[in-house]
Each structure stands twice: as C-alpha cells, then as structure tokens.
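First chain written, first letter: the chains are A, B and C, and each begins at residue 1.
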Amino acid sequence: MSLLEVNDLTFRYEDGTPALRGIDFTVEEGEFIALIGQNGSGKTTFAKSLAGLLRPTTGRVVVDGIDTARKGVIKELVRRIGYVFQNPDHQLFNNNVYAEIAYGPRNLGIDDPERDEIVREAAAVAGVREALFTEHPFFLTKGLRQRIAIASTLAMRPKAIIVDEPTTGQDYRQSAEIMNFLTRLWRDEGHTIIIVTHEMPIVAAYAQRVVALCEGRILLDGTTRDVFARPDELRRTFVKPPQVTRLAQAWGDPAIPSDVITVEELVDGAVSSIAGRSSHSPAGISPGAEPASPRGPGREV
Amino acid sequence: MPRSEFAKKTLLGVVPADSPFYAFHPVTRLTLLLVLSVAPMFIDRPEINLAIIATTFGLFWWGGVRMSDLKKYRLLLVTVALFMFIVAYLAPGEKAQLTPVSLAGLTLYWEPMRWAFVSYVRLMAMLFGAILYFSTNRERDVLVGLRTLHLPFPVSYVAGLSLRSAGMFMEDFATIREAEQARALDLDALSLREKVKLYTMYTVPLFAVALRRADEISAALYARGYTLSGQPGTGGKRTDYLRDKFVVRARDWAVSLGLLGTLVVIAIVSRTTSVFSVQSSPLIAFVEQLLGIG
Amino acid sequence: MNAIELNGVTWRYEHAEEPALVDVNLAISEGEFVLVIGPNEAGKTTLVSAIKGLIPNAITGVLKGDVLVFGDRVESIKPPVLAKQIGFVFADPESQFTALTVEEEIVFGLENVGWPRETIGERVEWAARITGVEDLLDKPPYDISGGQKQRVAIASVIAMQPRILILDEPTAMIDPLGKDLVVRICAELKNDHDMTIVVVEHNIEAFAPLADKVVMVNEGRVERIAPPREIFRDLDHLLARDVHPPQVTQVFGRLRERGLYHGELPLSDEEGFAGWRTLLDGAAR
C-alpha cells in the first residue's frame, strides 16, 4: 500500500474558485519530493489536501489507508503526516516553547512521562536548545520559530512531513541548515519529505522527485533531472531550471550532459569538454547544432 | 486561475460585475441603505414591512444579484426567529395584563408573541436592506459614499484600513484553524466547553500576527508619506482622486431626494396617524380572530 | 553631491543590547544600482531603513552619525517630502497593501504628496504600465496573487517618481519568472529613468548583472563595497562567509582557477554563453 494515494482530486474554495482540477498522484514511503509551480497554481492547496487539512470537493485522498474525508480521523492522520506552515506565527499557540512542542502530543492524549521524553527528543532533533524551553516564541528569530514549528510537528511522530517554503526569507546558511536537517530526517530516520518551494537550486540540491503544478493540474512529475530537462513546459508554470541547467541546455555541448543540476557537475562537464577539444582542432561550436547528450533528456513521465 | 466573470469579490461575498445600480453615485446607494434600514423603525404594521421586504427582493433581482448567493442567510433568518419567539415565550412580562392563548397544550401569551412577530418582520426588513447594500456595493463604494458626505479623510482611511485588516484577519484565522488541526485538534470531537476554551487559544497566534502586521503597516504608511491628519505635504487640500472619478448626476439628486422625502413622509405619518400601527393591521386582526381574541 | 551618504552611522534598537549597525560609512552616487547582501540579522534591513528615514523617525532607538539624502539630513525631512525623494518597497507584499483596490493603493502615495488630479491620473497610468498591473486596477487586495501584490507595491512606490528606490527582499514570495519581471522593472527604471536603486536580496543571481556596486554587510558592519565582478572574484572567501555568487560566476571562477578561462567573470546567462564561446575559441587554437 502506498503511503499517499490521490484519486481524481478536485478542490473548490467556498466562493466557487477552483483550485485543483482532477489530480491523480501516489507517494511511496521514503520519498523526497519538491512541489513547484507558479503563485496560484495550487501547490499549497494540494499540499494541505495531502495532509488532510482540506477535504476534497470530489475525489479521494488516502493517507496510509485512511480516507481524509472521513469524520474524526484527524488524530490518526496527524500521526502519519505532519504539515509545517510557511509563517511560524500562524502555528505557535503557546506562551513558552516547551508547551508549544508538547501541544500536539497533548492533543493526542499522550501523558507524562512519555510526553516529556517525546518533547525533548523532538527538540533535540530539530536543534532547539532546552535553554529556550521557557522563552516566549514571539520574541525569537524567524529561523528559530520555524524550527520550533518543525519540532512541534515532529513531536507527533508522523511518517511524512510536508514543509511549506522551508527556505523563503532565510539566508544561505539557514537554508542549508534546514534542508540538511530535512535530509537527515529522510535519509537516517526514514521520513517521507515533501517541500513546497520557489527556489530551484534548493530543489536541485535536495529533492529526488519533482512535481510541477500548473493551474490546478499536475504538469510534470519525475526525477529532478527529468523535470529540469523540460524548460519549455516549466515556463508554463512560471518556473525555470537552475542556472547551471540552463547554461548546459543553452550550450548544447555533447560532452556536457544537459541534465546537470549542480555547479560541480557543470564544471566537470566543461573540463572534460575542453580536454576533449584541445586534442582536436574543430571549428567553434554553435549551440543546438549537436544532437542531444548521451544521457538523454526527460523520458515520458 | 480563471475566476467567475459574473461577480467581483468583496469581503462579505460577491457583487455583480454589472448592475443598473452602478449607474448611480455611491452616495445615492448609501441613501437607499439609509432609507431601507430606517423606515421600518417607524412601521409596526407587518404587511407594510413585508411589502418593503418584497420591494427589496425586487431590487435584488433588478440589480442583478444572484439569488442563490442569498441562500447563505437562511440560517441567520431561522436562528433570529427562533430566538425572538423563545424569548417572547419565556419572558412574557406581567401575565395578569396579557391574553393567554392555548396552543398544542402550551399556554402562550398573545401580546408578547405579537410583539415578537412584528419586531421580527421589522428586523428582517432592515436586515435585507443592509444585505442589498452590501451585495451591490464594494468597500471602495462605501468609502467614496462616505467621503462624498464630507467625512474627513483620516476617518475614512482608518475605516478602510479596518476593513482591510478585517479581511487579513479572516484569512489568518482560517490558516490558524488549519494549523490547529495539524496539531491534532479535532474540532468535531470537542464538547462545547472545550470549544469555548479553544477560542482563547486562538488569541496567541492572532495577536502575534496582528502585532507584527501593525508594525509593518505603520512603517509602510510612513514610507508613503502619510501624516496622521491626511494633509498633503504641499499644504492645501488633499486631492481625492477616487471620489472625484464619480460624478453626481441629475438622476442621483432625483432618487436621493425622492428617497429621503419618502422617509420623512413615513416618519410624519407614523407619528401623526395610526396607519402604521399594529391596530391597523388586517393580518393581525385576522390572526386574532382565528385565536378567538377580542 | 552624493545621492546617499552614511557617515559613521551606529544604531541600536530600543530594547537591544548590541547595536545593529556599527560605524557604517557608505556613499552612493545618483543613478547607481546597489545590491546589499549578507546573512540574516546582519543589519541589511536596518541599513536601508536608515537610508529611508524609517530609522529614526518611525522606529525607536539610538542613532549616532549622519544619514544624508542629496545633502540633507534624513531626520529633518518631513515624511511627505521624503516620500517624493525615496521610495521603499517592503518584503511582505501583504502588509504594505493597505487600500481596498489596486488603483487606490497606487493613488494613496500621490495624494499624500499633494499632486492634483491630472498628474495623479498620468502617474497611475505610467506606474501601472511599467509594472504590468493595468488589468488589475479595479481588484481588491485579496483577489490577486503574491507576485501581483508585490508588483502593485512597486507601482505604488514608483508612481511618486522618487529619485531613490529601495527594495527590501522584493522577490522572496514570488515564483521564478515573476522574479525576472521584478528584475526587468528595475532595469527599466535604472536605464530609462535614472533612478538610484538599492536592493537587499538573498537572490544574488537575479540582480548581480544589474548592479554597479555590491555592499557586503555582516554583523552590523559594512565589510566590503565593490563592483560585482570584483567581489565575486575570491570565491572561497565568499563561500566561507556563506555568500553564494551566481552559479555561472562560480562555474567560470572554478574554470579560471584551473587555468582554463581567462576572461571576465560572467554574471548572467547571456554572459555565461559568451564566456563559453570565448573559452571554446581559445581551446580550438
């Protein structure tokens, strides 16, 4: 059984605005997925539907066997899939950090001493020092509040976590910290991670699978390399691949695979291309004149 | 995302994209609101208030308001009716001076019931007048109407800011509810007492968001050269670009004065004659006859 | 006369123990495009708030030193006059949108400054056209997307035709192509209207090609001020400071380290393409 199964999901807001128009989607345990797409494409609505926070207008979302549209399943859902909102202020309900992290477990009916253990563990994993337990979250920095929100979600021990815009407004170091942390959760603790983001270099560096939404439908769904190899389609949802990918695609050099997604890969490709050239004496290469790279751009998704 | 071409969004719902109402200046539409909400106060006789309600509905239809959008007020109507009748039943007042009526085994008192009915119809007339106004006027129209009446700019601006904040507040509230759910709070499973306690929990994030926004909004206002008095930097009078886009025409004068005149007449008639009183109501008389009352 | 001058500026927020800015000296000439970079809480927003006069006029704390705008001390300029000289676009498009329609939002600043009707009409039309929001004029704030809101914010500020425009993380909430649109708007303002522009951004890649100067801020101090190609030259030093130049610059920087590339460091996709052709022509010999 897949962790998440979505069948023909549609969602309309109360005023009738359509947000999702018939989505079929599956997630297996242990994936690391990035949801991308333009403002208004339905990414956040989709993510919230996956977490069971929004009930489908038609269609079904099934999380680990549980239909999100059923009544009274919230506590069950929350143990399986957590959701971290973009703005920490929206999800901090208590006057001190400890109570905040303990809030979820309390609602789930977990008592001390087990609850205390869970709180300390979640805080440690999320990098929230115990010295902060008595502080009021409002006065802490945004990065810290975001981590407290993540700790609070982890405290419910979900198998899957959805994080809305983990790196927006963060500087390079903070972004790397959060993304490395999510990577550790994924790789070492076996969590399934889904992030919603606008930042393509982050997607390139961390996600295994990329799902691009456009006007409420899935436009592309594949590995990171496959999806970034389709820039024309990505443009339809106002997304462009990372700069190194764009450069490789524009240069069209046969020695450089067109699906590079990091600086190192492009440098290596460039170096081998130059090395290959210096032993011959070809004329200047013009872009697009050469056939596609050996590794091949995106297969059908 | 493609949105409905029929309607434009407002805080309370939608207004029609096109409507004969828009041919009139916002201040005229404001006058209509005034008359529709004040006139029923002078009228006890239910038939007349019912006629006002019928007229209002006629105006809904003429104005191009989607009748299905009005369905959301059904619950409100029923709730208010129940509330008023239950109050009249439970607290009738000096029973010795009232007329008892036996109905389905219960002893009801006629006068409070009658009062509840009359008041209910009056309230509905006023309410639908207000609903008509908010179904055909956007926030901008409300403020332009008020400023045409020479409401000082800072007052109008603060009113607008409050509306805007209310809008942001509602969105934040919805997000906070989802966030609570994401922390295993099952609203359906809570008892009433727990639900009430819950509302105090909302205050922490709502205040956090509101405080931060207040900071940001005041910085944004400063950055655009706003001074508290609304006085422009060059001295002199502040241009009101939006208000001046609307022109008061002859039809606006005609309709507004007509409406205000009608209101004055109603006020005078109600004070000097009994045409609008309960005693003149054939409907009430009919019901009293049915119940066997004097 | 410089457009902007900071002389020995030190600023401490009211309840803070440490100052947020320490002895900042900075001069920006008219028409320059300045990119301000650095880690979070380094003082970037504080720095541009000081230029705008939010500090000390709208925010409490202790200020030492001078901030001069076209030769005048910023504290002594009245808000409506200052708004005509310096525009400020905040990071969060939501909370700077205080009116009830897009048109009203753009008009607001113009009314504050005291322009008459005809001028307001022209300015609205101009600002809406440059930012591409002409079709949105009638819409309320809750009916448009984040990217559109940010463009409305820019429109409402540039409508006042300030000589200096400050943007604080303007592309944070916007999708990739939307970010490009903001950059193009800035380019048009710089090239066609000679505006002095100061941008605070983490997204260095988008703005580096436009910048005349890059200001690196760290722990309240201005560490370096230099044109982008110069600043991005020492890659390892920057990476150690968690500053990541555009990927194209990094790639060619590495190639240069290996002796394979000898030209100027490219800052944009186009320059990267040109750089690659140069490199190939060199390798072909």
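FYI, a residue touches a chain if its C-beta (ideal position, glycine included) is under 8 Å from a C-beta of that chain, and two chains touch if they have at least 3 such contacts.
Owing to the predicted nature of the structure, the values given are computational and were not obtained by experimental measurement.
Undergrad: Looking only at C-beta pairs that count as contacts, which pair of chains has more of them, A-C or A-B?
TA: A-C
Undergrad: What is the chain whose Cα centre is as far as it gets from that of chain C?
TA: That would be chain B.
Undergrad: With chain centres defined as C-alpha means, what is the inter-centre distance between chain A and chain B in Å?
TA: Here the centre of chain B sits 44 Å away from the centre of chain A.
Undergrad: Quick check: how many Å separate the C-alpha centres of chain A and chain C?
TA: 29
Undergrad: Which residues of chain B are in contact with two or more other chains?
TA: Only 3, 9, 212 qualify.
Undergrad: Which chain A residues reach two or more other chains?
TA: 40
Undergrad: Which stretch or stretches of chain C touch chain A in the complex?
TA: Counting only chain C, the residues touching chain A are 38-41, 91, 145-148, 169, 172-178, 180, 202, 205, 242-244, 246-248, 250-251, 254-255, 258, 260, 269, 272-273, 276-277, 279-281, 283-284.
Undergrad: With touch defined as at the start, can you tell me which chain A residues reach chain C in the complex?
TA: 37-40, 141-143, 168-174, 198, 200-201, 235, 237-240, 242-244, 246-247, 250-251, 253, 263, 266-267, 270-271, 274, 277-278, 281-285, 287
Undergrad: Note which residues of chain B are touching chain A in the complex, please.
TA: The contact residues of chain B facing chain A are 1-4, 9, 13-14, 172, 175-176, 178-186, 188-189, 201, 204-205, 208-209, 211-212.
Undergrad: For a test of understanding, state which residues of chain A touch chain B in their complex under the given definition.
TA: Against chain B, chain A makes touches at 15-19, 40, 42, 48, 51, 53-54, 71-72, 74-75, 78-79, 82-83, 85, 87, 89-95, 103-104, 107-108, 138, 152-153, 156, 215-216.
Undergrad: Note which residues of chain C are touching chain B in the complex, please.
TA: 52, 54, 57-59, 78-84, 87-88, 90, 92, 94-101, 103-104, 107-117, 120-121, 124, 138-143, 156-157, 160
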